[in-house]
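Chain IDs A, B, C, D and E follow the sequence of writing; residue 1 opens each chain.
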Amino acid sequence: GPTYDENADFTLEGDISIDGSSTVYPITEAVAEEYRYVAPNVRTTIGVSGSGGGFKKFSRGEIDISNASRSIKEGEAEAAHENGIDYIELSVAYDGLTIVVNPKNTWAKDITVAELKMLWEPAAQNKITRWNQVRPEWPNRPINLYGAGVESGTYDYFTEAIVGKSHASRGDFTASEDDNVLVQGVSGDINALGFFGYAYYEENKAQLKAIPVDDEDESNGKGPILPSLESIKDGSYAPLSRALFLYVSSKAIKKPQVVRFMDFYFENAGPLSREVGFIPLPDEKYKHEHEKFKQFVAKHTISATTGGNTDTTKIAQ
Amino acid sequence: MSKKNYKLEAKSLNAYYGNFHALKDINIAMEEKAVTAFIGPSGCGKSTFLRTLNRMNDYIDGFRVEGEILLDNRDIYGKDVRVDELRKEVGMVFQKPNPFPKTIFENVVYGLRIQGIKDKRVLAETAETSLRQTALWDEVKDKLDKSALALSGGQQQRLCIARALAISPSVILMDEPTSALDPISTAKIEELIYELKKDYTIVIVTHNMQQAGRVSDQTAFFYMGELVEFSKTKIMFTSPKHERTQNYITGRFG
Amino acid sequence: MRVQEKIIEGLLWLSAVITILVTVGIIWVLLSESLTFFEEVSIVDFLTDTQWTPLFADKHFGILPLVAGTMLTTAIAIAVALPIGLTIAIYLNTYAPPAFRATIKPMLEILATIPTVVYGFFALTVVTPFLQSFIPNLAGFNSLSAGMVMGIMIIPMISSLSEDAISAVPKSLREGAYGMGATKFQTAFGVLVPAASSGILVSIILAISRAVGETMLVAIAAGQQPRLTANPLVPIETITTYIVQVSLGDVPHGSLEYRTIFAAGLTLFVFTFTLNNISFWIRKKYQEKYD
Amino acid sequence: MTNSELNRLKDKAFQGFGIFCTLIGLVVLAIFLLNILIDGLGRIDWNFLNNLPSRRAERAGIYTAWIGTLWVLVLSSLIAFPLGISAGIYLEEYGKKNRLASFLEVNISNLAGVPSIIYGLLGLEIFARMMALGGSLLAGSLTLALLVLPIIIVTTRESIKAVPRSIRDASYALGASKWQTTWYQVLPASFGGILTGVILALSRAVGEAAPLIVIGALAYVPFAPSSPMDEFTVLPIQIFNWISRPQAAFATNAAAAIIILLFITFMLNGIAVYLRNKWQKKVKW
Amino acid sequence: MSKKNYKLEAKSLNAYYGNFHALKDINIAMEEKAVTAFIGPSGCGKSTFLRTLNRMNDYIDGFRVEGEILLDNRDIYGKDVRVDELRKEVGMVFQKPNPFPKTIFENVVYGLRIQGIKDKRVLAETAETSLRQTALWDEVKDKLDKSALALSGGQQQRLCIARALAISPSVILMDEPTSALDPISTAKIEELIYELKKDYTIVIVTHNMQQAGRVSDQTAFFYMGELVEFSKTKIMFTSPKHERTQNYITGRFG
């Protein structure tokens, strides 16, 4: 059988179910994997339904934690409240949505936001199908698009930032919730152009080529800018950098294994998010988020005390 | 026919395979503890008749009988008759030896096992008795737990007879029991039939006139689904009433 | 005793009848979800719209792109498997020594026992890169390599079943042709293949049905982009891949998205059901002919 | 004369082409197996079999996957074998040649041709949703059980059909009932054939991924299931998951897992062939 | 044997199926434009010998011949002989009529087609000539494009003969060509054989003594792979040299 950490807590038991963003998945996966050595008897499952899919389940109370690459929407929040679920949003890392092409692509050296809009907006469907339609200097060859699936926060964010309207894009591209599929698609297709979270680019640098994006706004850096640790941190990689979140429900924190998991998350998110290719938050920010979480836990333990059964409260106190 | 008590009787028996009229108004009465031989050209209905005697044809789609077959004066096609009980009373031996692919012992006691008898002593005793009756005991007593399929054809056929005897029937039906065997095995089986008729009523179908002559007390000659002639074997073979019988027996046709 | 017999017979009957329940279950599941789907989406759009974008803001529900993707991979697979499979069948039957045939046939059948994820891996990591070395425009996901590998996979279906059919042609016909001075080649194509045509047809139809329903191979290697195209070099999406793709996202029950996979499934089922019934019918007819 | 030479040429050419095609199949198979062996063999070790999934390819193992596969095999056997064998017996021994029987026959032949993903949809709606089993082992096993049912029924029928009439006659003549005859004679005599079919069914089930993905089997299940209600993953899904990861190290893992999967499949098929041959030799009526 | 020129000759011919010695040292010489009948009990090697005459046995695994078969003084098992050419010279008609599942016309011209002849006029003419030769023309001329399988058995057999004639062979081998036919069809075929021998050398295997007597000029009697007797049919049937031949012809065995 597998081996465990020497300080492992074998008394901690039960399930943690996590679902949602594929962008956040690598960090959460890494945390969960390390957590396994600490709490070997806790069963953590992580799904990849995209931020939207995750929120749907989260607001129905089917999962404990939702990975999200965007904030919860009004509708989703309402649904959660209707089901008696209170939640907290916690930032865990920064991401820069990366525009990638095949390494053999010699012509695409940069791209402007306007060009991206022209390429991705709904009107482009079945019309903009060749590289030279985007920029006349580019060769007359087909352009194959790969992008995040519609349940994903990445998709929402990208359409919002580029097209100007959330959830509006052309429909004739390879859309997958699984960013690995996109990486594979772009890395095997000389005519490809795609976008996905920075971590997937970092992990697969050898098979991809990122192209710098120019938002034609001098105020946040001049000319085309590549996503990198610095440009994402300092906000010059606009408009495609963003924060990544975890959502934890008020029901989930009644489970000690979830609380311990979240503690573990904040203790380790910095190095782990770096390891899997994301840009960590500053340390004080992690402390701050952790504190926020602790207060959330405290609040719900107290509200349980006032509103609930006194016997169990005494034990809890 | 006299009001004598017969072991097996058929009264106005007609049998059909679908539309095909295989047995036509058969009337026959067979005596107890005697050997009756059925003879006749191929396809005349001998096997069909034999198999109606223990209702083996029940499973054939479209087969049906009219008339009566009386076993000890009771109609075996009657409503209250249970086929499994009937078959325990009327055993059967087939043309090709058909031992089960099991041990010799399991073959002999199969009939008992399915009756739910589990007592080891009873099983062993019955097996020995039956195998002795068929003169097989000495040949197989050391390999009762060996597969029956390893026996020779003649031994297999005697095993099948032993298997039939083990559930102590009173009638034994045999459908050309020696036609697949060599002359020596055939002789052994004929001998056995001669022994068995002391205790059992035996009906045997045969294509071999000499065999019919040797083993049977009475002979029935069938032709195209009809019972042409039925009489004591000696009489039939020396002075048959019908020309057809005569022709058949002397080998002029069939 | 009799009661026990009856009970056992009843249980056995029940087991047999469960197979009907399975069919009924499949049809019911597909139909009931699809009917709700068709309350929201007109069936005319479903059958005629040339775009399939049910997940996007601008929703289109034309199944044609998925059908086209399915047809394309199937056509490529059959284009590979039919000539090779049939040639193997004829070669094994008329040219090869019996001992050779006896060893080769089961060896080829190994091809059909390999799990299809494995073929997907093969298509994606070996065949596509190989093809890209002389078709530079070939995308990483494409129907060409998926179809070709699927063709290899279904070779034994065609070769084995066709060989059986050719063996069943009465020997007298073969001798008749040889007796006229026909070569093996002429005998095979002039007499045996026409005489075994129904059996060969059955094998082809079954192979098509298998190719239409194949999932993991195309999900891995053919892409996830529904488009109405006959170009084998670009990513496409088959009906089966769409179902897998949506399932991987773990669709919430009751959503329109959830229902699209049943509408797609129904389409797939109609195809394979029709094909299977045609082959069953030919087989029945053909048996009667030789009896 | 030239025509005749042409004909002979065509004949020879086709013979060559025939050999070529036969070899294509085998050569592709060989290339394919070789490729996978080269890629994956070095990766297989005790840890690979014993490790939980991991984001780091070198540390990842197939422990949960093969345990899940084992569970699924056992559970779906428990469901499908009794059902399939009973149905086969009914159709061959009991079912009269009536309307129902011929309908059942068409129906089973149809079921055998239904794509596996459709079974997935059936399982999703009936087992996962209506019976609320979710993406559990039980839901997966039920789905696969239905999937392999036609295979079991068909092979059961074939092997029962091969038992000679004379054995049944002998049993009936000794007073055995239909069920006794079936149970004591027909089934033991056709056991080899049935077992062969059952193993072939298992080898089919072991390679299926699509229906399990549809009912919601998960890729990241970092624990071995311990009850039928647990979530699970199986080897083909684990392979699928690794294949879809772009990093080369995961492709190596996929190749290694494929070797294990192929080993299981080939072993099952080998056993089936062995049993078939052994039984054919042993029983000569 | 004199130094006369024979159409077909076998010299010290031995044939084997694997280890089984099917033909033993056959020496025979058949005249041109005559009918030779092969007779003998079942399994004696008649068919085997007939089929070595056009090398139809080539495709049977393990079959081999020793010795020579001369067609017009040329060894048909010689190295430079091409089987397809040989078969065009030596036509064959089988026991069961075996028309191809094609139209009547396509059946007749099959041999021409495979030789690559495409000229419609030639095909049509040959078809008519051959069908006239087999007296089938009037019966089928209006349905040449109908399936040959729709013809009666006798017509099918005549069609098969017509098919063989269409490629103008000089020898025609017939293996029990009428055994699957009714008496009327048989009579027609026998008549046809009588007509054909004006132009062709015919070898016919038959189980029917009357037929051998009626159609053949010379008869060969085989027994257990050996050629027991070969002589003019009239002589063989009136005063056979060997007792075996005598017994066989009068139907005392076989």
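Definition applied: a residue touches a chain if its C-beta (ideal position, glycine included) is under 8 Å from a C-beta of that chain, and two chains touch if they have at least 3 such contacts.
By chain, with names taken from UniProt: B, E = Phosphate ABC transporter ATP-binding protein; C = Phosphate transport system permease protein; D = Phosphate transport system permease protein PstA.
All of these numbers come straight from a predicted model, not from anything done at the bench.
Asker: Common contacts of chain A and chain E?
Answerer: The common neighbours are C, D.
Asker: Please identify which chain has its centre, taken as the mean of its CA atoms, farthest from the centre of chain D.
Answerer: Max centre-to-centre separation from chain D belongs to E.
Asker: Roughly how far is chain C from chain E, going centre to centre by Cα mean, in whole Å?
Answerer: Result: the chain centres lie 48 Å from each other.
Asker: Could you state the distance in Å from the CA-based centre of chain D to that of chain E?
Answerer: 53
Asker: Please compute the C-alpha centroid of chain A, do the same for chain D, then give the distance between them in whole Å.
Answerer: That pair's centroid distance is 39 Å.
Asker: When the C-alpha atoms of chain B and chain C are each averaged to a single point, how far apart are the two points in Å?
Answerer: Averaging C-alpha atoms per chain gives centres 55 Å apart.
Asker: On chain D, where are the residues touching two or more other chains?
Answerer: 7-8, 177, 244
Asker: Using the touch definition from the top, which residues of chain B touch two or more other chains?
Answerer: Expected reply: 84.
Asker: Using the touch definition from the top, which residues of chain A touch two or more other chains?
Answerer: 47-48, 178, 181, 184, 187
Asker: Hey, which chains are touching each other here?
Answerer: Touching chain pairs, listed by label, are A-C, A-D, B-D, C-D, C-E, D-E.
Asker: Can you tell me which positions in chain D touch chain E when the two form their complex?
Answerer: 3-4, 6-8
Asker: Using the touch definition from the top, list the residues of chain E that touch chain D in their complex.
Answerer: 82, 84-85, 114-117
Asker: What does chain E use to touch chain C in their complex?
Answerer: Residues of chain E touching chain C: 54, 56, 59, 61, 83-88, 91-92, 94, 96, 98-102, 110-111, 113-115, 160, 163-164, 167.
Asker: Hey, which residues of chain A end up touching chain D in the complex?
Answerer: Answer in residue numbers: 1-2, 26, 29-30, 32-33, 36, 43-48, 178, 180-181, 183-184, 187, 203-204, 207, 276.
Asker: Which of the residues in chain D end up touching chain C in this complex?
Answerer: For this pair, the touching residues of chain D are 7-8, 10-11, 14-15, 17-19, 21-22, 24-26, 28-29, 31-32, 35-36, 82-84, 86-87, 89-91, 94-95, 103-104, 106-122, 124-126, 129, 146, 149-150, 153, 177-179, 203, 206-210, 213-214, 216, 236, 239-240, 243-244, 251, 254-255, 258, 261-262, 265-266, 269, 273.
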